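Working notes for the structure below.
So that you can tell them apart, the chains are marked A, B and C in the order they are listed, and the count of residues begins at 1 in each.
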Amino acid sequence: MHSSLHGASHSSSQASDATQQVLAVPLREHKGGLMIAVKATLVRDLTLLLRRRGEVLNPLVFFALVITLFPIAISPDPELLAVIAPGLLWVAALLAALLSLDSLFRSDYDDGSLEQLLLAPQPLAALSLAKVAVHWLLTGLPLALMAPILGIMLALPAGSYAVLALSLALGTASLSLIGAIGAALTVGLARGGVLLSLLVLPLYIPVLIFGAGAVQAAIFGDGVAAHLAILGALLAASLMLAPWAIAASLRISING
Amino acid sequence: MWAFIHKLGSPKWFYTISAKLQPWFWAAAVLLLVVGSLWGLAFAPADYQQGNSFRIIYVHVPAAFLAQSIFIAMAVSGLVFMVWKIKVADMAAAVMAPLGAAMTFVALFSGAVWGVPTWGTWWMWDARLTSMLILLFLYLGVIALRGAFTSRDSASRAASVLAMVGVINIPIIKYSVDWWYTLHQPASFTLTSRPTMPTEMWLPLVIMVLGFYSFFIALTLMRTRSEILRREANKRWVQDLVNGQVVNVHAEEAR
Amino acid sequence: MAFDSLAEFLAMGGHAPYVWSAWGVTALLLLAIVWHARAEQRQLLKGLKRRARRENRARRVANDA
């Protein structure tokens, strides 16, 4: 899709003077398959986001900052912190993911490339899934990898670090998918930020319950498999249903 | 069959039909609510454990039922609007949301008040109350989203999508909150475990639930008619309707 | 009748504040909702009539001129 866009604008700009020559050169037939479009979107979004590397760090800095507030606000006493650590880590990661949602479609909406995405022949649901995957790769996964370090600061009991990272990695994927629905609905609105969190936070609650539950279960030593299985099920469900809702919401926001 | 659906969809047809249906539902609502209230408040026997404070159930449970049913009704009318483009369905969905939020608030408030004599505190993270609180946030989200758009058509479609996404999540939220509550099960008496109620306690509850539902239908019919007037104001049939009333006003002035 | 006298009915076996506050708020809210719905309809019809009257008068002036 990326190259085909480029090709089209190139030929139209010379249309006036060298029409005969353009006709003589047969237009290269691009292999317009779905996977090519998805890969093109992935590559495009990754390059765009990695160009603004500073912005990728924002959710991580926010995550660390929120975590440091609580020992100051509540108490530095390790025993107390250990009790509230799983919940704190999960809520802070959830809020960091929520804050980074706005950038998911905003820049594409502003420069009009979101409309090009809508016009693409490939199904919009697949392309939006690619966009959400990039968002997860650059916010959800880093949050999950960073959480154990902050867990140490909150005196998180041993044995639950791996589960913390795993449950966050699994959970933030569902959070990105569900959050993308809200982001798509509010992308057309000028002050959509607060509204986005009002729409999306109630839907985050099941993921939060089982995510924090998994870490607590790891601390108490009883089975973690059940929690992670349910997190996986939530992810499977949102993977199946969210892209269609995102596509419908994007069409509403653009045509609105 | 399709002709009927599209006829149903025309605001003018709905406006006239609802005028006939509305009084019946209002009458049913008033009758059921009055009978149910008197029966529940005065005649039903007191609960052996909670005494008379249990009478709050006759307001708490119908409101909670209605709160959930309205959200489902809103999502279904949103779907009908998105699929068949029937404007009246969206008008009904727009009109139902505030009543749904009000019913959720009533369920929360009466649940909290009921908790004072039974648990000794206003708020208790009881599974039902927590799910009801989340449902209230879902309602506020739909209302806020509908209000955030300038163009009405995208507002309707956005609100319909959110209502549908919300209704899929309600059972997920309900079960995860229930599971979460059983994990942190405090020892005290829960509002939710209702011993099998004797019939003379149960019957007034059914009447109150039916009363609340007919109130919901009557109110939705009435407010949808207002919404039709608001949205179809410049349509010919509305002007004729209004002129029908204005002209005879002129006749008196001319005399 | 579960109560022997009106006073006892109002006292609700000591749970009066809870029962009556829950029922009171519900009744008030339902009445407020109905009143709002009727006011909304009255407002709309009044606005439509005023507009129609204005348009009729404008049409009549145009016809006379």
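One rule holds for everything that comes next: a residue touches a chain if its C-beta (ideal position, glycine included) is under 8 Å from a C-beta of that chain, and two chains touch if they have at least 3 such contacts.
Protein names from UniProt, one per chain: B = Heme exporter protein C.
These numbers come from a predicted model, not from an experiment.
If you tally contacting C-beta pairs for each pair of chains, B-C comes out on top. Ranked by how close its mean Cα position lies to the mean of all protein Cα atoms, the top chain is B. Centroid to centroid, with C-alpha atoms defining each point, chain B (Heme exporter protein C) and chain C lie 17 Å apart. If you average the Cα atoms of chain A and of chain C, the two centres end up 46 Å apart. Distance between chain A and chain B (Heme exporter protein C), defined via averaged C-alpha coordinates, is recorded as 34 Å.
Only residues 134, 137-138, 140-141, 144-145, 148-149, 151, 153-155, 157-158, 161-162, 164-166, 168-169, 172-173, 176-177, 179-180, 183 of chain B (Heme exporter protein C) touch chain A when the two sit together in their complex. Those residues of chain A that touch chain B (Heme exporter protein C) in the shared complex are 181, 185-186, 188-189, 192, 195, 198-199, 201-203, 205-206, 209-210, 213, 234, 237, 241, 245, 248-249, 252-253, 255-256. By the touch criterion given at the top, residues 37, 41-46, 51-53, 55-56, 59-60, 63, 99, 102, 105-106, 109-110, 113-114, 116-117, 215, 219, 222-223, 225-226, 229-230, 233, 238-239, 242-243, 245-247, 249-250 of chain B (Heme exporter protein C) touch chain C in their complex. The part of chain C that touches chain B (Heme exporter protein C) in the complex is made up of residues 1-3, 9, 12-15, 18-19, 21-23, 25-26, 29-30, 33-34, 37-38, 40-41, 44-45, 48-49, 51-53, 56.
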